[in-house]
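Okay, handing you the structure first.
Going in written order, the chains are labelled A, B and C, and every chain counts its residues from 1.
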Amino acid sequence: MIEVVKAGLETGVQDFPGRYGFWEQGFPPSGPFDMWSFRLANLLVGNADDAAGLEIQFLGPTLRFESETLIALTGATMAPTLDGVPMPQWESVAVPAGAVLETGFASTGARTYLAVAGGIDTAPVLGSRSTFHMAGVGGMEGHALKDGQRLPLGDRAGAGRPGRRVRADCRPPIPAGKEWRIEVVAGPNDDWIDEAGQHMFLESAWTLQARSNRTGYRLSGPEWTFAARATDKGPEHGEHPSNILDHGYPVGAVNLCGQTPIILVNDGPSAGGFINPFTVPSAAFWKLAQSKPNDVYRFDLVSVADAQAERQRIDALCAEASLEDAG
Amino acid sequence: MIYDEPRFRPGGDRFIEMELGDELNFDLNFLVHALTARVREARLDGIVELLPNMASIVISYAPERIGYDDVLREIGALHGSLGSLEDVELPSPLYTFPVLYFDHLTRACWEDYCARIGEKEYDPDLMVRLNALESRAQLARIHSGTEYWVAALGFYPGLASLIALDPRCRLTAPKYNPPRTWTPKGTLGYGGSVTCLYPARTPGGYQIIGHSPVPVFDLEQRLRAFRDRLALLRPGDRVRFVPVGREEYDHVTAQVESGAYEHQVAAYAKFSIRAYHEWLATLDMSVRF
Amino acid sequence: MIFDEPRFLPGGDTFVLVQFGDDARIDLNFMALGLTAALREDRTKGVIDTNPSYNSVVVEYDPDLIGADDLERELRRLIEGLGPVEDLELESRLAYLPVMYRDPWTKACVEDYAERIAPREGDPEFVARINGLEDAAQLARVHSGTEHWVVAVCSTPGLPLMVALDPRCAITSPKYNPPRTWTTLGAIGVGGLSTSIYTTPGPGGYNLIGRTPVPLWDTQARLPAYRDRVVLLDAADRVKFVPVEREEFDYIESRVADGTYTFNVTGYQRFSVRAYKAWAASLDASERF
């Protein structure tokens, strides 16, 4: 068991790849936002891919481990200490019984992942332990951690050992500044935006609004212009050019609500009545996960094939070969 | 219109939106669900999930198991093999929900909105006026006079978009602007030409005209109907609302609270598109219930 | 029991009775109605009319056009073509009929009987009690909680003989002894395992639990529903009773009186015996609504 001494801002249980098979009924995949960092954390402690861990957002929790175990912290850089002694990230660390982990603020990046040998063993809901906060599904009683809760742990089955580290060139390269370049694929509804509008989207700087979370990332930027299809349409689509007859939303869609683009992420709605001119591919999700309000995005257009190749490259990095012994 | 050839559009590296047409049209939605059923049956390797909606399907696929072009080819072939839509029959369970129309809960919600956000006409009266009906009683009679087709699910777990199968019972309603910050769970809402039951206490924009004590979403899976599911309804199911008085409403509420409530569902009829078209042709569109 | 082979029993020189078994199990009725539908489609030469019932069909024929042996051979061929009962799919409309349960008119009818013929308690209370239900309110809930299968239309014009499709809603009751001399028109009666609706104000033996304000037959074509038919229901249709209160009952009655009442009948479903059996098997018959 792990005792939640202080919950932090919003720390939730997640597992990889999240909740699949229930999308049609309105359940989004949830799961870790930065799956690259998350998978490496599980690898470090010898867990199976699907073991649940904690996603720590912005301000981390204070946790007390009731029995000895092995942990690893990956993702955003925080200032973790174990019983007051600084603890390395991207490395497996042995924890004695009763030890207290303090995490602090994220400095570089926004989301840190904690893996514990054996995984967090909360009850799966619809086949996954991932937290879907909005509907209170999964995780610890459906929501983020609260002070005083106790997290159950699974049996340690893996061959994890302390002193393993992720090679520097195998980690997501989280930049220290505020500037990001994010890949996008055109579509599904790029034909609703005129050429000038598409050009505008790709050439402009977009600022991440503070009202952004695991449901959607709201962006501020210039005005959009539309193609004929967006204005010359039946009344069932709705009045505004960004309105379309209700349809399904890809995860990662750049969902245009009036003039506000919202990138729909892990806990986003599965359907609705706005167009999705562009989609952020899965391989760029770690960038979204690690950016903070007021960070600035510029988008790079890539093909479906390029986006899939990048996904394969990252998948290949989430493997034993990326680990080394800490020197 | 229904497109002669479906249009495929990428949504990033692992989604494809398949557009079958671009209007709100039952035939189009039948086609969506018939094709969705066919794709599920085919169990194509690498197809992860399907998200059917009014006129389109979003396909989620695993690019490491099936390529983009192969998805288009395989699903295009299944679309081509569907044959005449007229011949399609879909299994379609029919759920019955008791509703207290013009109830105290939605009235209190409207009053709260008026007090905190802005004055607006009482929702049932607004709908009576905009749809040129005689009275609230007729609104209830028309709203409960048809079976509804579950055209799509989504936005929130368990939220179903319901469309009247009987064209004599179609109503329209504008959406709240600005939207409500809260809506009672179980509220019966109407927006555009879609009606819905709110699965949980959430914000909302539909006009609110009644309340059902019978849940459509239950995380705790307390009632028998939720034993194998959290969300009751599936696309292609049908829903019927039955007006009840306060006494029966209170009885059902108590049954739901005690966990003894049994959902009313008949799950043995197939929805025949040919028969639906023939039935539509027999209706006198000038009459209302 | 279900006979291994259907039996062919002559009824004079122009009728033959085809019997599939000798009890009231619903499979026998599915077979009888499957044969009726097959005869309608086949347009077998010499066949004039069919009259299906619980477990049999009476076929009327013209002996000048077809001999009894030839007819039997044709009927055997059609029955064989039906295949196993699970494969049957029948056209089946669904009629929503308003009912006021525990209405004053059938109550008066029962009281009149108790006074004049033999003392008895109120019928709804009696039926509820012997079926182990809490009260007459629960009887209404159970009775309106299921679709009823129209086994046959017989006895008096348009009178539907019905059984509950949902096994959780099965009600049994003994019939009156001695029978009533008169019955309220539109009374809903239950007796044995059946429900029927009194379409004439004649004698009767079923227990009276409610009343519908709508007529089930109309030779004058006064209501639009009867422009092209004389009786509302056919065998293999289904009925769902919708409980209404006095105000709505009176409103419907006034619409019937002024000739503007619109029946609520949907006609786009096919009844699948296989799906029905699978559904019925999934239920816990000990549960009630």
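Basically, a contact is a pair of C-beta atoms (placed from the backbone, for glycine too) under 8 Å apart; a residue touches a chain by one contact, two chains touch by 3 or more.
Predicted, not measured: the structure shown is a model, and the values here were computed from it.
Colleague: Can you figure out the chain closest to the middle, judged by Cα centres?
Modeller: B
Colleague: Could you pull out the chain whose C-alpha mean position is farthest off from that of chain A?
Modeller: C
Colleague: When the C-alpha atoms of chain B and chain C are each averaged to a single point, how far apart are the two points in Å?
Modeller: 32
Colleague: Using Cα averages as centroids, what's the distance between chain A and chain C in whole Å?
Modeller: The computed centroid separation for chain A versus chain C comes out at 59 Å.
Colleague: Quick one: which bits of chain B touch chain A in the complex? Just the residue numbers, please.
Modeller: Against chain A, chain B makes touches at 9-17, 19, 22-24, 48-58, 60, 63-64, 68, 152-159, 161, 192-193, 200, 219, 229-231, 234-235.
Colleague: Using the touch definition up top, name the residues of chain B that touch chain C in the complex.
Modeller: 89, 91-92, 96, 137, 141, 145, 147, 165-166, 168, 224, 240, 242-245, 247-248, 251, 262, 264, 266-273, 275-276, 278-279, 282, 284, 287-289
Colleague: Please name which positions on chain A make contact with chain B in the complex.
Modeller: That would be residues 20-27, 125-126, 134-137, 142, 185-191, 233-234, 236-238, 245-253, 269-272, 276, 279-283, 304-305, 307-308, 310-312, 315 of chain A.
Colleague: Report the residues of chain C in contact with chain B in the complex, numbered from low to high.
Modeller: Checking each residue of chain C against chain B gives 89, 91-92, 94, 96, 137, 141, 144-147, 165-166, 168, 224, 240, 242-245, 247-248, 251, 260, 262, 264, 266-272, 275-276, 278-280, 282, 284, 287-289.
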